[in-house]
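Order of writing sets the chain letters: A, B, C and D. Residues in each chain are counted from 1.
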Amino acid sequence: MPGPDPLASLDAQLDRLRALYRELHRAPELSMAEHATADRIAAELEPLGYAIHRIGGTGVVGVLANGPGPVVLARADTDALPVTEATGLDYASATPGVMHACGHDLHIVALLGAAGQLAAHRDAWSGTHIALFQPGEETAAGAQAMLDDGLVARIPKPDVALAQHVMPFEAGVVATAAGPVLSAGDSLRITVHGRGAHGSMPHNAVDPVVLAASIVLRLQTIVSRETQPGQFAVVTVGASNAGAKSNVIPDRAELLLNVRTYDTALRERILAAIERIVRGECAAAGSPREPEFEPYDRFPLTDNDPAVTARVTDAFRRRFGADRVVQAVPATASEDFSRVPDAFGTPYTYWFVGSTPADVYRAAVERGTVAADVPANHQPGFAPAIDPTLETMVRAHAIAALAWLAPEEAA
Amino acid sequence: MPGPDPLASLDAQLDRLRALYRELHRAPELSMAEHATADRIAAELEPLGYAIHRIGGTGVVGVLANGPGPVVLARADTDALPVTEATGLDYASATPGVMHACGHDLHIVALLGAAGQLAAHRDAWSGTHIALFQPGEETAAGAQAMLDDGLVARIPKPDVALAQHVMPFEAGVVATAAGPVLSAGDSLRITVHGRGAHGSMPHNAVDPVVLAASIVLRLQTIVSRETQPGQFAVVTVGASNAGAKSNVIPDRAELLLNVRTYDTALRERILAAIERIVRGECAAAGSPREPEFEPYDRFPLTDNDPAVTARVTDAFRRRFGADRVVQAVPATASEDFSRVPDAFGTPYTYWFVGSTPADVYRAAVERGTVAADVPANHQPGFAPAIDPTLETMVRAHAIAALAWLAPEEAA
Amino acid sequence: MPGPDPLASLDAQLDRLRALYRELHRAPELSMAEHATADRIAAELEPLGYAIHRIGGTGVVGVLANGPGPVVLARADTDALPVTEATGLDYASATPGVMHACGHDLHIVALLGAAGQLAAHRDAWSGTHIALFQPGEETAAGAQAMLDDGLVARIPKPDVALAQHVMPFEAGVVATAAGPVLSAGDSLRITVHGRGAHGSMPHNAVDPVVLAASIVLRLQTIVSRETQPGQFAVVTVGASNAGAKSNVIPDRAELLLNVRTYDTALRERILAAIERIVRGECAAAGSPREPEFEPYDRFPLTDNDPAVTARVTDAFRRRFGADRVVQAVPATASEDFSRVPDAFGTPYTYWFVGSTPADVYRAAVERGTVAADVPANHQPGFAPAIDPTLETMVRAHAIAALAWLAPEEAA
Amino acid sequence: MPGPDPLASLDAQLDRLRALYRELHRAPELSMAEHATADRIAAELEPLGYAIHRIGGTGVVGVLANGPGPVVLARADTDALPVTEATGLDYASATPGVMHACGHDLHIVALLGAAGQLAAHRDAWSGTHIALFQPGEETAAGAQAMLDDGLVARIPKPDVALAQHVMPFEAGVVATAAGPVLSAGDSLRITVHGRGAHGSMPHNAVDPVVLAASIVLRLQTIVSRETQPGQFAVVTVGASNAGAKSNVIPDRAELLLNVRTYDTALRERILAAIERIVRGECAAAGSPREPEFEPYDRFPLTDNDPAVTARVTDAFRRRFGADRVVQAVPATASEDFSRVPDAFGTPYTYWFVGSTPADVYRAAVERGTVAADVPANHQPGFAPAIDPTLETMVRAHAIAALAWLAPEEAA
């Protein structure tokens, strides 16, 4: 016999949550500067009975210990982007040049909403719920900042970790998948050294423009020849810059690389291949100094645990109905969520929730114009439909947590 | 029987000329902004009896008609460079960040000095002497500006044109050569177009970073394969710039090229080859827009007329002594002097005068350290030895002009 | 109630089939020259009651019409390879330099064995069984030759088509998969033209060595930049040849390309990109003649119909046991089998059967030395274990055909 | 007062020499297999009084000691080429596929003719004349073979060495120049190693086709960037070969390079740069084995001594008339002549003699069609005009030798 439904009282809360969402959307803050946002989160969470920890600068963690049982960590990210909002919404950003263009405001409210339901229905479950609000996802800085600030020692070790992200597909639908769902992302600044000279005296130079060109072409072979056909790998040279005048051979070139992979071993092989190729090309050029490799903006792989994912998917199917739960297609984007469960050695799953009105989305699919007609994350026009997106995301965080804290089979 | 020596009275003028040189050196002005310099030149030239023309903004031309005979045009350039002087001289530049680092101040004074001698000894020669002070040589703008302002229609057509340049070799020595002595220099801004995309979605992009790299490597073949071995040609890509972020594929790349040649037909073949290669590579890339080619800073070839050069060289040998006249090695630098005689269809010669104290230069040659020990033009430490450089340059301009205006054989 | 088992009498036939396999293995024939093999097949098939058609030179088709019902086409390929056998088997090839190194001899005997069982048990099924023995698979010539010889008009239109291939995994196991299981394979001979010259006079040449090098590097970008990350695509330049002497610039270069894809639209995009790149590079080089593109050895995609595959897989599970039926991993190799069903518009499936003794295979997997220790198809040491491979393949062809001719649900 | 003219009796010999030339032209022999040719030379030379030495297999040296005085070495090369003659001459090659296509038959007869005159007029000069007939010039093997066979110890040390070559310019004219007149030529066979694999499995390979392409493009930078503009240097990759099938990635690639220089230091820098680039590219590729560098066909620089050249040029002017002596343009071809004087430490000069009828040559120059209309050395149609070429070359060898053996100033 199932116990009382901890989500029974959600309807009464939705208006409050919608208002909170509009408030947060209006007041976006950039990565690692989410000061007001963090205060607002703590102000919501503390009254619910969660023990509040401020970790990693603008990170907020609430812990609700409710008897024996599993420890579930649910995470929301909190930062906004340097984008100028162009949605025309009446609750659009009031801060010029900054916008919640990736829906993290929805993430915050959804987790606060789920926490509210769990706090209100402690009789319906047993265990510990951790609501972790992470800053600085967009710059891959926030999860690491919380870990550097002692997160692992300061909260209970979770048995499972959960996160979700809003995306431009049919609102009301959730998408799950086992295995890699977001790629590992590595950025690399490579400086190669030549020897400058007047443009009319190339024999006195080691030309870094030619060296950089050779490197760019050679790097193509990592995907074309060194990666198993059909295996996901991206090596993009997003920027290659050298020199400022036509008649002066510069003394260095800078390359900015971005690497995306779904496989840890492949990632390591690719990073090694990049270094091998750059060093080889510098040797071929007679470069007078070793090249410099500076990794930055490193995003870990998001690799959903199959058992955890199956459990969450089953729970979603039971509670949302099977027609609202679809198989997620792995995205080429990246996240730093997994750093936290990885630091604990905890299995996790990360799912997606649609935010585009069903009729809009279906019509665009039919026309084959999704990319053109549906504003996606990071775009100035990104505007999730509050309904039913917000409610779906609140429920998703509650349902997933309860799959451990009040499992069906225990009913 | 030779007539009176028009240079007999020069010694008495040297102190005045040295002072004028220090004054000009202290007050350098950038290209096409040589306002005070032009006024100063006109103020010197007018009392000598030269008819003054202000042409091309800051250009000054003085014409001294002295009876029937050849028309000789002598040219000095007048602009300074955006260089911060580091000579430590007591007459160093008083204008921060601007310096007469290429010796044009010496050129001015030398031509004024020669004009003074010619004016003072009109009985010793017959014909017309034109002293042309050209602005904006460093940016290849000044000669063209004078031509655009009607130079050809406003002064008599010269029978011969003469110019000289100070260089860091043994002071007191002049160097002449027939044929190409300064290269043609062409700068080219090339913009190639790709299609931007997120760094993880290269299949949606046309990657201009890879396109630019292919172009850079392919351009190497113009010198290595398309130019006759041993023929002088330089194709330098001084700058190649595309993109600013690792994870965004940009939509264009910009290349700045510099081409140097001594041969007009080869120059045209090279410019055509550059365009052929860039267009071919853009086609190979599937570039969505035609590339753009924007020539700038174009310097013409300086190609000394053999007969004119021989006459000047003979005159120098007779007057300076054969041991002070050497064969010039063509330089890879460029000049816009030749535009003026070319506009008139007038043959010309352009020679070099050393400015490094003989003992310093010879010691550096012996040690093989000229490049390291002797500051060259455009360097912050470039400091011509006033003596004997100034006197040599005054005499050179007078001797060369008199080779037509009072030729030995007429004596 | 199931009818009589058409495979009941197989055991009694196995010795005869083993002997036939050894006989065929001893007498391999190269592609499109399988004359004795074709005669031998016809001699086996005719006594069983199959109507014999000799189609496409060395192709043999037997048709057994057995009452109303579906038409099932089963295909075996028959050619051997120019490989010198090094198995040491007592039934090794007696023809030097030719070997059944790809197991087509097993394919022949398996289809003949299944035909024998179907012929012997006509009471157990109803419909038409077509046993198609196709020559010239290795050169992609045989299926086309049969079609060119009127195959479609000369045999009944099949409702389903079936084929199988022996592979170096655990013997006794069958592997099936829906969708693409073998890649499309396209070979391309590209000739690019330069202008020859003495090696010391590159300016008189258009150097095809440099042109070919540029093409090879540029072709890498088709996979690295133009293909969606994770989508299967291979562009291999297997051969690049130009010139014979160090001091003579040749006048052409030849490239041999091989393209592999699982997706028809991608295949066409890649072939178009190859042509675009080659033409663009030839233009960049100033090539005096258009390049030539000569396709050869074109293999179609093998794209298993999901419904057909599901039906065969179910039948295999029921008859072999679920533990002997695994999910096939798509192979990068290619086949021309699909040409025949595609010509009829008939759905098909193509499965794999293991041929390595179970203990050998498992030990190699455990050591991670499969590639080194298990000789694969096309290698001189490729030696399928006759037992249980042969029996498994006979049964597989019979079971799959009976899934239509005597479906369980009809029982 | 000049002594008797040693060339006075030449006219009487010309018919004999013409016949000998036709005989030799009819019977060409390949490099290092000039057996009949060597015997014929010795048979001509011995009766003249020259002491005969057979050195280096098919090399022949005749020494005529004629009193005190300088030792002059004159050299002719003797080998033919693997070319099928297409001149249509009645004295065309009788040996299919072999032709005196480089005029060495003329060189032989010219030196024999000069020897004949010197021998006939010993009263007119004093000193020692060495007539050296060198085999294997085309393969750069003959001079070395003679040195390896003890040449230096077996003949007197020459004070000066002389050689000439027939070329397709105006017959009757000789061309001399001090300094480098023929380039140093170095051939290099480079083998780079990859790892082979099936064409569909590039990730198991190290692709040598891509590696070779990278090397070819990078080698272009040696001339375009590492060599002083205007300095003569050629780096030609005459052959780049890898692979034989489209679908098999080969395991190695072979490059054949040819390097031409006029400057010894530059030659060494270029050879070092080639090795640096190849090793760097192999490192970038992850090549499993070090590349192999195998030099072959090495030709030394031919660098005419200025004093020797001036003396020969003066003598030619006096005897041929100044209008028949022109300034030679350095050729990009190579020779092994200089090895012999270099082994002795002897200064030398090497001049060219025209062989195209004057009217034909001048008309082609006027039309600008010399390359098309005048068959050059090594071409199947190369056919020197016997007159006045033969006489000019005989006289040239005699005049040059007498510049030391009977100098004008001694007269």
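Methods note: contacts are C-beta pairs under 8 Å (C-beta built on N, C-alpha and C of every residue); 3 or more make two chains touch, one makes a residue touch a chain.
Keep in mind that what you see is a predicted model, and the values were worked out from it rather than measured.
*Asks:* For the chain pairs A-C and B-C, which is connected through the larger number of C-beta pairs in contact?
*Replies:* Higher C-beta contact count between the two pairs: B-C.
*Asks:* Taking all residue numbers at the chain A/chain B interface, are over half used by both copies (same) or under half (different)?
*Replies:* Chain A vs chain B: same; shared/all numbers exceeds half.
*Asks:* CA centre of chain C versus CA centre of chain D: separation in Å?
*Replies:* 58
*Asks:* Could you work out how far the Cα centre of chain A sits from that of chain B, in whole Å?
*Replies:* Spacing between the chain centres: roughly 58 Å.
*Asks:* Using Cα averages as centroids, what's the distance between chain B and chain C in whole Å?
*Replies:* Computed from C-alpha means, the inter-chain centre distance equals 72 Å.
*Asks:* Determine the centre-to-centre distance between chain A and chain C, using the mean Cα coordinates as centres, and give it in whole Å.
*Replies:* 44
*Asks:* Enumerate the residues of chain D that touch no fewer than two other chains.
*Replies:* Where chain D meets two or more other chains at a single residue, that happens at 200-202, 207, 210, 214, 217, 220-221, 224-225, 229, 231, 234, 260, 332.
*Asks:* Where on chain C does chain B make contact in their complex?
*Replies:* Its residues touching chain B are 200-203, 205, 207, 210, 214, 217-218, 221, 224-229, 231, 273, 276-277, 279-286.
*Asks:* Going by the contact rule at the top, pick out the chain B residues touching chain D in the complex.
*Replies:* Touching chain D from chain B are residues 217, 220-225, 229-235, 260, 262, 332.
*Asks:* Mind pulling up the chain D residues that touch chain C in the complex?
*Replies:* Spelled out, the residues of chain D in touch with chain C are 183, 185, 187-189, 198-202, 207, 209-210, 212-217, 220, 234, 236-250, 253, 256-258, 260, 296-297, 332-334, 371.
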